[in-house]
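Input: structures, listed below.
Presented sequentially are two complexes of chain A, the first with chain B as partner and the second with chain C.
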Partner chain A sequence: MKRLQLQRWSSTALSPRVRTNNRLHQQLYSTGLRLQSTVSPLQSESAISENVEDASFQNPDAMRHIRRAHKRKTQLQYPSPPVEAATQSAKLAALHARLYLPSRLPLQTLARTLVDASADSNVDFNNESLATLGHDLLANYTSEHLICTYPRLPLSVTFAAMYAYVGPKTLAAISKEWGIDNATVPGGEVDPGFLQFQRVAPGTAVEDISQLKSARPYADQKNWRMTVSSKIFYDDEFGDAIKGSVALGQGVTDETARATFVRAVLGAIYLHAGRPAAKRFFEQHILSRHLNISELFNFSQPARDLARLCARENFEAPVAKIVSETGRKSRSPVFVVGIFSGQDKLGEGSGSSLMEARERAALSALKGWYLYTPINPRVPSSMEEEGAAPWKPAHIDLGELLPTEDG
Partner chain B sequence: MPDIVKPLSHVPYGKKFGLDTSSCGRCIGQPVIFDFRAIATMAASITMPKRPFLTLPFLLPSLTESLSIGAVRHQSSYRRTKQRLRVKPDASFGPSQQGRDQIIYNPPSSAPSVYHTPSKFLPANDVRRVMRPAAAATATADVNELPSVYKTQPERKYHLTPEDVEEIRKLRLNDPMTWSRYSLAKKFECSPLFIAKVCGASPEKKAIQKQVLEAVQSRWGPKRRMAREDRKLRREAWGRDE
Partner chain C sequence: MFPGSFPVGVRKPCKWVNLKNTSITTMPVKAIKTISSARNGVGAFILQCKRLDFHYCNFGGSSRGMLSFLTKDLAAFAREHPQIEIRVSPRPAKHPVIKGHYINGHEKAICVRNLEPSEIMKKTNILKEANGEKLKRTKKPVTSLNESVRGIWSPYHGDLRGV
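Let's look at the complex of A and B:
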């Protein structure tokens, strides 16, 4: 990994008197006790002030003690760590280096991404705005990747794949892989390298926290059927109902806070280092995760669906033929059945009964249809790169098979 | 006896079970050798074996040795094993291919990947559509020669008129106990599936049928119940391709 140039962090965003070239060094040798703890020790305040009165002002140790006590007092006023504490935190610098973040992203902004709105309600100091931007970027990049790579993917599978790539569970897992620890209680004196948020009180039902904010008419009718395509219009990028913001003082779950943090990091990268860096970060941290999309399918009637697909596309009706078999009269036979349309094989499957092999063959044929990938698929956002080749329209399919009512 | 060298580009994975009765070789090697030894010792002691060797051609190592096999008595089993395992190398390794540059691609027998879109499913403007047929034409045998999954093909008559359909609906609605799906199918010479497509059962009939099913299921013991549940779960697993 390339070594980070620490001097460059200060050049853009920091005030001129703050020099960071030896801050990391200082932090390592004169670590304050406070910055290491994740809890604010309010009880010890009185004890320290007594010590200060006894000490002589000439003593440099005592002076340092006094300064630190004053600093702590001011820090305790704030709900989240002050901006200048960011450069003092070894944890933040390590996180910056570990994620190989662009050097244009200052430590102060990275510290801000770690402050959840439940910890600090001031929008100038929490990560809400960054997370909103990051969330939109994530949804945009992932959906365009999925739609351009697999243009025939059914909508429900697209939703599932979106959830698998950028769902809150995945983002929380990513933040854990990055080595983010939670602060036990948020506060101004806590090391800014910890994720700060107010936890939900134990025993609270998670559904009650965020009230529903769906624009869907008759959203409260739980028994009514919702079409999959209506989810594009009314619901979020995972096909779930849009949640409202959490009420003040309620706290958030660990998963939500971590997901918000990861989104905020992407938003911060976009703001400080620009679109190419954000795209690269997305590819390295999100798209690089392995997702086998063929496992997201679940068919109830694959043979019937395949027959309808062939009728729609004007292919010959699919015919199941036995390619090979063994042990037909034995306890554990194996049949290999191929599905053919005319002379072309559409799919092949094996099973311990002819019906199973046929179903599996029809399933593999359907998956072969749905998982079609154009050669070298390009996404619309690739046109924003410098010197991009002229845009060729992406493949747009007729659409998935719609379920019928008659069963 | 035909050799087992297959075309390269397509290795159907059913072959790994040694399903071809004509192929001699690698997969069914072990049990065959065992039988051969047993029958060979038997042939040494008894002059008239019950089954002559020539009716069991798979027992013989190869065509050249088939005549002298009865005469050779103390043949080493080790050598026979080696001979069985000596499979002819694939055609792509042959001397005819040596002169020019080539890619040797011998895929292991496995299920085809679902990410490999069949040529028929490629859009009209896809380049792979033109690139593939040359390779695919050699690999596929005639589809019509393959046996069907079903013993008999369903005969489609298309003989029912809209009036017949009306009649079916009327009968099923008015007297659902007499005119079940199967009796209607018999009367109108169509499939029960067609009856189900044309009209659904009335709610009363559904309720009665549900009670009948519950009565039947209440007599099931734990073994049968569990077996039925397992069967249902297995069936659902097909759809997820597990």
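Let's look at the complex of A and C:
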């Protein structure tokens, strides 16, 4: 399969676009052009006439003073740093090198990923569009990895694992590990190497900032029972209700802004350096993190679940047997109990009472079932690589035990 | 069934509850929300030193080596380590100092008064390679988040051996 050439794409994303010339924008920004790149733009008539006026100053000192004042004015004119500032920032260049970002990703775009929508509401200059793309990529790559590696994982655990890999808390932690600092207050004069966003006012209830945008009927009824499978349809990739964007001027939390930044970086890599680079970045920064999936389970009735699982899979009914024991009459006995289905030992656990040991044995048997991994699992997106072997359908299991009426 | 074995997950018939009329709903598996933990260097490696500040004095004699280091060696060092932000600023009437700022928020400072440029380079490398934590003795050759592959020895398994 031939790879898409994204070079052109990225150049259009960076091209010297001016603001759309509607009447409101003309009113607001009639003083100058705001550009997305440092490439010299098409000069409009007003800009040329300004240059002619500037050229009339002969005294270099006066010129320098005026230029500095002019620079200050242009910096303060817009809510986020101008594009020219990106190449001047040591912090930004250091960040680019620290993350080993591809050289095709320019500093200007990296600066743009650091501007949150709450700092600059102009979609041409904030990271919202890049973050949307990055969010979809993260969700896609992580979910295909989890489903193909652990085909029997229960849905609730899949949601929790998704949250652990690419949830907002994790992404915020990643941005801290990259050494990103917040700007105290966003503005045009700030070093573009800082993360710029408007904070929520202290004391604001964070839950109330963004309104519920769920398509679920009766979504505002918090206490109503929701099935796990309905979360696939109505909710986001973590099984939480979908929230709308924050109202303008409300500000965002530190965690949200940082998570948006990390997503935007992935989106920017995808646009500028292409799919393989984005995938590599995802594997190196997200998938390489440590997560013990067997610690995400929370069973309430492991023995009963195991009995039901064996019934569903037509195994013999599970039987618990004492494997070994010591100190039955003492105050600290230890029992080792194994759970057998016919001749096969499904799991084993130890505890200081027979019931405790049996529960632990059932737990280990269930985890052994749910955490099955095929040998060399492949993900669908591996087919995008050049010279990929023909696709064999991945093993997808029946799934977990669903709650049933009439046990 | 063996003596001492008991069936798993089967309700004992009970006199006063009619099992057919009770509805038993299985609680599906619940999940615990956590976050994955970082392992720097397993995937990507992030250098922990993010900024080096070089302070010098134009007048003081203790800064002579530092001035020579700044003019001759610093540019090459900066080129080799683009991931470190470098700041140079005067600190009049004080000894020269190098300060390292780290990703964990800590900072380390080394006074380089009267040192030769080559010695200053060594001190700079010390700051570059540090991770910002306090120095501590490493007792185990390997620390890992992964579980032991061999497991923990259990006295309850395997045959008994006479002494």
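Going forward, the second predicted complex is superposed on the first by the 337 of 407 C-alpha atoms of A that agree within 3 Å, B and C clash if a C-alpha of one lies under 4 Å from a C-alpha of the other, contacts with A are read in each partner's own complex, and residues count from 1 in each chain.
What we mean here is this: contacts are C-beta pairs under 8 Å (C-beta built on N, C-alpha and C of every residue); 3 or more make two chains touch, one makes a residue touch a chain.
Keep in mind it's a predicted model, so treat the numbers as computed, not measured.
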Chain B versus chain C as contact partner of A:Ala241, first or second or both or neither: neither
Touching partner for A:Val157 - first (chain B), second (chain C), both, neither: second
Chain B versus chain C as contact partner of A:Thr326, first or second or both or neither: both
Partner chain in contact with A:Phe297 - chain B first, chain C second, else both or neither: both
First (chain B), second (chain C), both or neither touched by A:Val334: both
Touched partner set for A:Asp305, first chain B, second chain C, both or neither: second
First (chain B), second (chain C), both or neither touched by A:Arg358: both
Per-residue contact with chain A, leading partner among chain C and chain B: C
Touching partner for A:Gly179 - first (chain B), second (chain C), both, neither: second
First (chain B), second (chain C), both or neither touched by A:Gln343: first
Chain A positions touched by chain B in one structure and by chain C in the second: 295, 297-300, 319-326, 334, 336, 350, 358, 406-407
Contacting residues of chain A [partner chain B, same complex]: 294-295, 297-300, 302, 315, 319-327, 334, 336-338, 340-351, 354, 356-360, 363-365, 367-369, 371-375, 395, 406-407
Residues of chain C defined as touching chain A within the complex: 1-2, 4-10, 23-40, 42-44, 46-47, 50-51, 82-87, 103, 145-147, 154-157
Touching residues (chain side chain A, partner chain C) in the complex: 90-91, 93-94, 96-100, 154, 156-157, 159-161, 163-165, 167, 169-170, 173-174, 176-179, 193, 228, 283-285, 287-292, 295-301, 303-308, 317-326, 334, 336, 339, 350, 358, 362, 370, 400-407
Residue ranges of chain B in contact with chain A within the complex: 12-15, 17-20, 111-112, 114-123, 126-128, 140, 142-143, 146-150, 196-197, 238-241
